[in-house]
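Once you scroll down, you'll see the structures, which are given as structure tokens.
Shared between the two complexes below is subunit A, which has subunit B as its partner in the first and subunit C in the second.
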Partner chain A sequence: MTGLGKYLAMARTSIEIWFVYRTTFVLNMIGSVFYVFAMFYLWQTIFLGSPGALAGFTWPEMKAYLLVSFVLGSLMPWFAEWNMSMDLKEGRIAIDLARPIDFQASRFASAVGPVPLEFCSAVAVGAVVAFMFGGIALPADGAHAAVFLVSAALATLIRFGLVYCVSMTAFWTTGTDGITVGRMAVQNLLSGALIPLVFFPDWLRAVAAVLPFQGMISTPALTYLGKMDAPTTALMLGVQAFWAIGLILLGRLAWRGAQRVVTINGG
Partner chain B sequence: MAASVASGFRSARRLVYLYFRCLGQQMKAILAYEADFVVLLFSAALVQITGVFFIWTIFQRIPSINGWTFWQVVMMYALIFVTEGVGSLFFEGTWQLSNLVYTGKFDQMLVRPVSPIVQVLACAVGFNGLGNLVTGFVLIGISMANVPVPWTLGRLLMLAILIVSAATIRVAINLGSAATAFWISAPWSMIPMFVHQLGEFAKYPITIYSLPVQAMIVIAIPFAFVSFFPTAWVFGVDAWSLPGLLTPLVAIYTMLMAVTIFRVGLRRYESSGH
Partner chain C sequence: MPIIEARGLTKKFRQAVKEPGLVGSFKHFFNRKYKDKLAVDHIDFSVEAGESVAYLGPNGAGKSTTIKMLTGILVPTSGSLIVDGLVPHEKRQQNARSIGVVFGQRTQLWWDIPVVESFNLARDMYEIPVKRYRDNLAQFTEILGLAKFMNLPAAKISLGQRMRADLCMALLHDPKILYLDEPTIGLDIAVKDRIRQFVRSRVEERGTTVILTTHDLGDIEDICKRIVIIDNGKIIHDGDLAALKDNYARDRVIHFQLARPPESMAPICAGLPACELTTDGLRLSVRFDRFKFAAGEIAAAVMPHVEVVDFRIDEPEVEDLIRKVYLGQLSLSPDAPETGELAGA
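What follows is the complex of A and B.
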């Protein structure tokens, strides 16, 4: 197998793995839906108490925002840091180093393979939640929906780039539990997954604006709702693309450093 | 009579001693990756701080949620984190049970002359629990200072009892749901995680939920007694404070249930062999 073929084979394998463990994957997602339910009840109570809009969000818009955040958060739920750490602790990394493949591209292939399946199951679960809470706002028209899909794809690239970069720290620290938990905490806050960024005080909004996280949830969710005018949307998509490329390049740089410090455990 | 009490006391002391010996061995394993360990403590605290920050941003827009103030909600949040901290620092082992049963490693525990429950509870340490405990207690302290309630000795004593009870309920829920591993053979059972996620509902006042959700977290899996009812009692919210007094009884009940589920499960355990 040459060129793209070997990576396609890896993507196919990861899809097969997804099907083998489908119950676990779906149950895992349904587990995180309790969080979404709690959020829906919380915001429902808040909007009942103060009818109209909060920070420019109406209740149907907030419902849509929460679900877009849930669906995007369900894509690539891989704990690359954990996998990397286990590969190092158990010495499996030796096999990867010996393979005639690009390491980052191979990890991307296996991460991206099941994404369509994850997307469909998350949308199905999200639709049930939406139905129970009386429907959500939909994109204004086909063009908005198309822009949203582009932004969501870029968001997934940023997620891959970021998690891959963070997983590289395993080569220096071996254990990565702490780094993973820290990454998730910062990402949840600054991506807008917990609450739309417009609710933040100005200083934190400024911090979020110069970091890659907002491209993971906030930007695609706002394009879904059509809350940005055309020039702003174009600019924000550009920012997403910048971070996607930047993080992927940074990951390649980190991999080069990692190969110099790698310790192979066992044989 | 006196002799049997004395021997009962000796065996209880021996269990506690063995428990901490097991835990100590796990700690050594974790400290092998020192950098990760330090980062984990701070990361666990960071998760809580972002959670409280989320609540804070909401309260910047509205004065109260269903009549509950910011500091009352912080108290509920903090109780969830403190109890989670106790669970992961001292009883993380429940999360390993499905793997132990699946791989047959559980056999080892049956041949040792110590209660398998104690061995399971002590077979792992989650040091992120320490970060959770410290920040959780700091948050409890701050919210106590910000809620206009007279802090009599009786109230403080009851608060301590409520925190211990809440932590017991949390550990019992973990143990009971982990024990489902005896029925479901899988390398990583989703049921404990599923039940654990129900705790999300307990971070906010239960008055915001519909009746089925309330029934689930009050009666079926009593997460409401981990955070909501104790908070209502401590801060003297009359409408909801009375059930708060039941928390210690609920703790005893859930622990008995968990141990029963474990024992029934244990009886049908068949080794997967090696």
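What follows is the complex of A and C.
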């Protein structure tokens, strides 16, 4: 792809915009503190009821799992479908289309720009809560940490690919609220964001295994904890890469169809 | 070779048909009915490089839809369209590099960041060489008077400032074609003048091709030599502005202010065949064909019969003409001329 510079510039701009909304940021932080606190408290209660390990998870591991789940869940806006449907409703999409930019790449640049900031603030919030609950397990060594970072990056790509694909439905339907809520419900369950997949009954685990969602939370969280042996880890990273690429290509295909049906509202 | 060439260009939209009220909504929910609307209906036109064309029509006539096809935003339903050697929707990005677009109703500036940052982003998106960018920015800043609000976010500036900034942004990469979709909507006279002057200078100095849609006829007279009128998706006129005036805006009106009401209209009427006379108390108005009579002849015919205190002449206005066309009171060339000439001109 030529002209990477323009996408870097767009990513930089999205960071600038991120800084403009200071109040929103602070409120989000406060909101997420409550969320993390609630998750930790809930699981602490479960572990207190059955001391030792639950489905192979010790309490310190579970805390680490929850933290990883929270941090990865904080990356990239979850409201992309909503943004897209607003852009369509208000006809703003015409502006994007009149520019010499690839639509998907520009959306990606804008979404990925603030990721480092989102990452740091989520880690800060999560670390404070984790500290209150007596600390968490860390990756066994540098190699594990590096593999985790690769897996986390792939998770972010899957997240983008999925949300972009779903947001394409905005071109065919007028509202995407229901679709967004549905996507999030399925994603929260099948990614392992709320409950590690090992707690699932076999059939549901089998369902999760063939869908992209597990690559968003479960796989990176398990690499963080070093719960998989080397071949399994390699396989799971491969599966993540497959979904990341597959969803991004699917998004491009959907966009081609969308371009044919696009109507610009408001004159 | 024309820079824009459209043949049989058509865009069909599917519209949901809903009966009014709750019952209608309920029915529509279970049984969707649609009808096709031809927003643009087999239009043919071509534009030479360096031309400035006003593209007019009543609301909903298909102007914006045409512009959006030209810019590659909308995919035509049928017909062919070549802009600067490309099919816009197939090579959308490549096409976007050589065009500038201003939509009067929406901004392309980033809402939350200073205006100048939006410009910088345009520099990166269009990959404008640094020197050219600096020169253009300096020049446009001066002509359009942007310095005062350059460092404010777009959300904090006035509509007039926003439009000037939008125009600057659309031209930073020296586009070959500039599309202006109602660029002066809602602006005060001073800003309008500034914008028109700027656009005209681009046409004259750089040979930029301009396609302008507007409801403000001042825009047309200041910028455009040629006008294309579209109604119900069809081109109903395509020709130059002067010819349009000569052919259809032939009538001038002289208003005489009289000292006393005229005793009888008959002798005046007799002296002015083929003119339309109206009186209203102390006023006498004569509508005449400016190619058949000189204003002096009319005055000479009126003066002997009445005592004239004062008089003034109304020139034919493009505005009236266009209004008549929109209202269907005046039909221009019945089949849109292919040659770009007025029928009968």
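Keep in mind that, in the parts below, the second predicted complex is superposed on the first by the 261 of 267 C-alpha atoms of A that agree within 3 Å, B and C clash if a C-alpha of one lies under 4 Å from a C-alpha of the other, contacts with A are read in each partner's own complex, and residues count from 1 in each chain.
Assume a residue touches a chain if its C-beta (ideal position, glycine included) is under 8 Å from a C-beta of that chain, and two chains touch if they have at least 3 such contacts.
Keep in mind that what you see is a predicted model, and the values were worked out from it rather than measured.
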{"item": "Combined model on subunit A: subunit C and subunit B, fit or clash", "value": "fit"}
{"item": "Which superposed partner A:49 touches (first subunit B, second subunit C, both, neither)", "value": "first"}
{"item": "First (subunit B), second (subunit C), both or neither touched by A:252", "value": "neither"}
{"item": "Contacts of A:227 with subunit B and subunit C, given as first, second, both or neither", "value": "neither"}
{"item": "Which partner reaches more residues of subunit A (counting touched residues only), subunit B or subunit C", "value": "B"}
{"item": "Partner chain in contact with A:205 - subunit B first, subunit C second, else both or neither", "value": "neither"}
{"item": "First, second, both or neither for A:177, with subunit B first and subunit C second", "value": "first"}
{"item": "Partner chain(s) touched by A:37 [first = subunit B, second = subunit C, both, neither]", "value": "first"}
{"item": "Touching partner for A:94 - first (subunit B), second (subunit C), both, neither", "value": "second"}
{"item": "First (subunit B), second (subunit C), both or neither touched by A:189", "value": "first"}
{"item": "Nearest Cα pair across subunit B and subunit C, whole Å", "value": "6"}
{"item": "Of all residues in subunit B, those that touch subunit A in their complex", "value": "30, 32-33, 35-44, 46-47, 49-50, 53-54, 57-58, 60-62, 64-66, 128, 186, 188, 190, 193-194, 196-198, 200-201, 203-204, 208-210, 213"}
{"item": "Subunit A-touching residues of subunit C, taken from the complex the two chains share", "value": "13, 59, 64, 68, 71-75, 89, 92-94, 96-97, 99, 101, 103, 105-108, 110, 112-113, 117, 120-121, 124-127, 153"}
{"item": "Contacting residues of subunit A [partner subunit B, same complex]", "value": "23-24, 27-28, 30-32, 34-35, 37-38, 41-42, 44-46, 49-50, 54-55, 172-182, 184-186, 188-189, 194-195, 199-201"}
{"item": "Subunit A residues within the subunit C interface of the complex", "value": "3, 5-6, 8-10, 13, 16-17, 20-21, 90-92, 94-95, 97-102, 259-260, 262-264, 266-267"}
